[in-house]
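Alright, structures below, take your time with them.
Both complexes shown next keep chain A, but they swap its partner, so chain B is in the first and chain C is in the second.
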Partner chain A sequence: MHQVRLQIKGSDVARYSYSIHMQISAVLQSWSKPKNYPLFIRSVPIQNELKFHYTVHTSLDVVEEKISAVGKAMADQRELYLGLLYPTEDYKVYGYVTNSKVKFVIVVDSSNTSLRDNEIRSMFRKLHNSFTDVMCNPFYNPGDTIQSKAFDSIVSAMMVQAS
Partner chain B sequence: MSRQSNRTTDSKKMNAELFTLTYGALVTQLCKDYENDEEVNKQLDKMGYNIGVRLIEDFLARSSVGRCQDFRETADVIAKVAFKMYLGITPSVTNWSPAGDEFSLILESNPLVDFVELPDNHSSLVYSNLLCGVLRGALEMVQMAVAVKFSQDTLRGDNVTEIRMKFIKRMEENLPAGDE
Partner chain C sequence: MADEALFQFLHNEVIQYIYKSSEHGEMENGRCITKLENMGFRVGQGLIERFTKDTARFKDELDVMKFICKDFWTCVFKKQIDNLRTNHQGIYVLQDNKFRLLTQLSAGKQYLEHAPKVRKHNGGKLTCQALFIPGQLSPHEWFSLPLSLQYLAFTCGLVRGGLSNLGVKSIVTAEVSVMPACKFQVMIQKM
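Take a look at the complex of A and B:
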């Protein structure tokens, strides 16, 4: 697991309409649990949370479409980072899926133009690394919601940095 | 084909994460089986004891340290040789009691607890209690009765992990109590 240093330029304090909403959902983890339910959700600021939930949920369809599109082709040629899933008028949605079919989704305000693609990429890499640490906790059962304080603090730090 | 030659060379490298995950699986399985933190702590101590009485032979064969003259020397050997050899860390020896029969080992990092976060319902679990048993068992085989416990634990929010060791008595040359 390599360390990634995320450098994001400071932004105006006035730009408060930002929100970064992250949702992670798990699919095919266990037979008994339903598909695509979220393991972890965080948004900042917290108004409009319901709209984010909706946006993320619909974007999961796009994610599914992208990962099944490869299909017959070599699985290892598909990148983990899915890039911009689709732009709506308000938000940009980015996706990332691991080889174990765990999906990470980041929703960012369209007015936030200072977040570049490679910054989003490194955010996903950090998320992926932190998620791996959570999985290594012997008290964590795959499929549970993520309660880990370490994961929480990494996500919070990332969202503060990006906003 | 003597095992002696194996022992003088470096121990085979094993992936640290596999070791940590194995220990984690052990502890969580014990928690599921006993459902009581105190009971789990006791079991970990017992298991550690059984490891310790065997590990001491390996240690003595590998390290060729002589008999320690006093408890202070014992503490140094434990911290600088034994921990280094088996866990790859070197704790510091501090907090000697005035009588010289108690000391603390301060571990900056503990390879057993990488990635571990104790959930709230296991607040009295001493996750690394196996180590206490190992130390107790190993020292018993060199005729020293000690009491070992964790006085600080990073999993519980402390800054460092501290193991407190207290010398009880020198034992007579009798057979060990055997597997408890």
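Take a look at the complex of A and C:
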């Protein structure tokens, strides 16, 4: 957690505490390898990373539930963006599934209320676009962990922007 | 359109290259066809990722096949599949009456005259189904296969790769009856 002290003219001292807990991960449902293993995980800050891994893993169940519900629901459920999966006490988890069964999960700190739905949607779109670029790279084998620098830099830029 | 010609030339050269660089022993096993099919597979995976970026989620298998027949075929070959048939039990037949990659090949009988030698496969129809099972074809049969089947291997892989990325495991084979019409048979594998 970063703490910034701001001295305002007068006697008031305002203290802002600013936490940038956020994690982005891409999870692939693959047919040859074990299902739902992660292709890419990045979080800021790095402590408590294990807690994020756990949150992402449990949220996969909710994602599966939502996908399988599509069959029964009508056209408005056919969007790729899944929205807020479920709010835990500290974090908000958002999900997005592509047509090729790759799941993106973003975990954001609840105290960071400045991120609106539209911004999350645009983050997912950017992730999807750069994942498509990774997929089209002939040197990338589908199912490997993502090691592309371009993908990395897009994710880092998003984390910085969101904080 | 200039960009169509580019891909056709490249495709022809790839086939020539694979056959020239293979040894005599390899040709008997159908490895060349497998190589072409695997190339198509990887390309299909990438293409599908790009084409389905903005489409809605697919409802079921039939939806996926319709997407392949319409949007996917249009993006790659600038036309749609002319006929889709299914037995609703996992077998789909995609018929293209004027397959782009075959239009430049001669429609004459010279490439089909060896058909009687492969007649025992499937009662007179030329299929490359046996090629995906290594060792099933004897050298005699291999050399009597028409050249047109080599030109379909890449596209079979393309379809298989696209389907695999959409979560559908399948085997895709191709059949030529009258040039330049061809049929692709997709057999869905249940997991």
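Assume the second predicted complex is superposed on the first by the 126 of 163 C-alpha atoms of A that agree within 3 Å, B and C clash if a C-alpha of one lies under 4 Å from a C-alpha of the other, contacts with A are read in each partner's own complex, and residues count from 1 in each chain.
Please note the rule applied: a contact is a pair of C-beta atoms (placed from the backbone, for glycine too) under 8 Å apart; a residue touches a chain by one contact, two chains touch by 3 or more.
Because the structure is predicted, anything quoted here is derived from the model rather than measured.
When the shared chain is aligned, chain B comes close enough to touch A:147, but chain C does not. Once the two complexes are laid over each other on the shared chain, residue contacts for A:138 go to chain B and to chain C alike. When the two structures are aligned on the shared chain, A:129 is found in touch with chain C, with no touch to chain B.
More residues of chain A are in touch with C than with the other of chain B and chain C.
By the touch criterion stated above, A:98 is placed in contact with chain C alone, chain B being left untouched. In the superposition on chain A, no contact is made by A:109 with either chain B or chain C. On chain A, the patch touched by chain B and the patch touched by chain C overlap at residues 136, 138.
Interface residues of chain A, counted against chain B in their complex, comprise 133-134, 136-140, 147-150. Interface of chain A with chain C (complex): residues 29, 31, 67, 70-71, 75, 77-80, 97-101, 128-129, 131-132, 135-136, 138, 142. Per the touch definition, chain B reaches chain A in the complex via residues 17, 20-21, 24-25, 27-28, 114-119, 122. The residues of chain C lying in touch with chain A in their complex are 42, 45-46, 48-50, 52-53, 55-60, 164-167, 169, 191.
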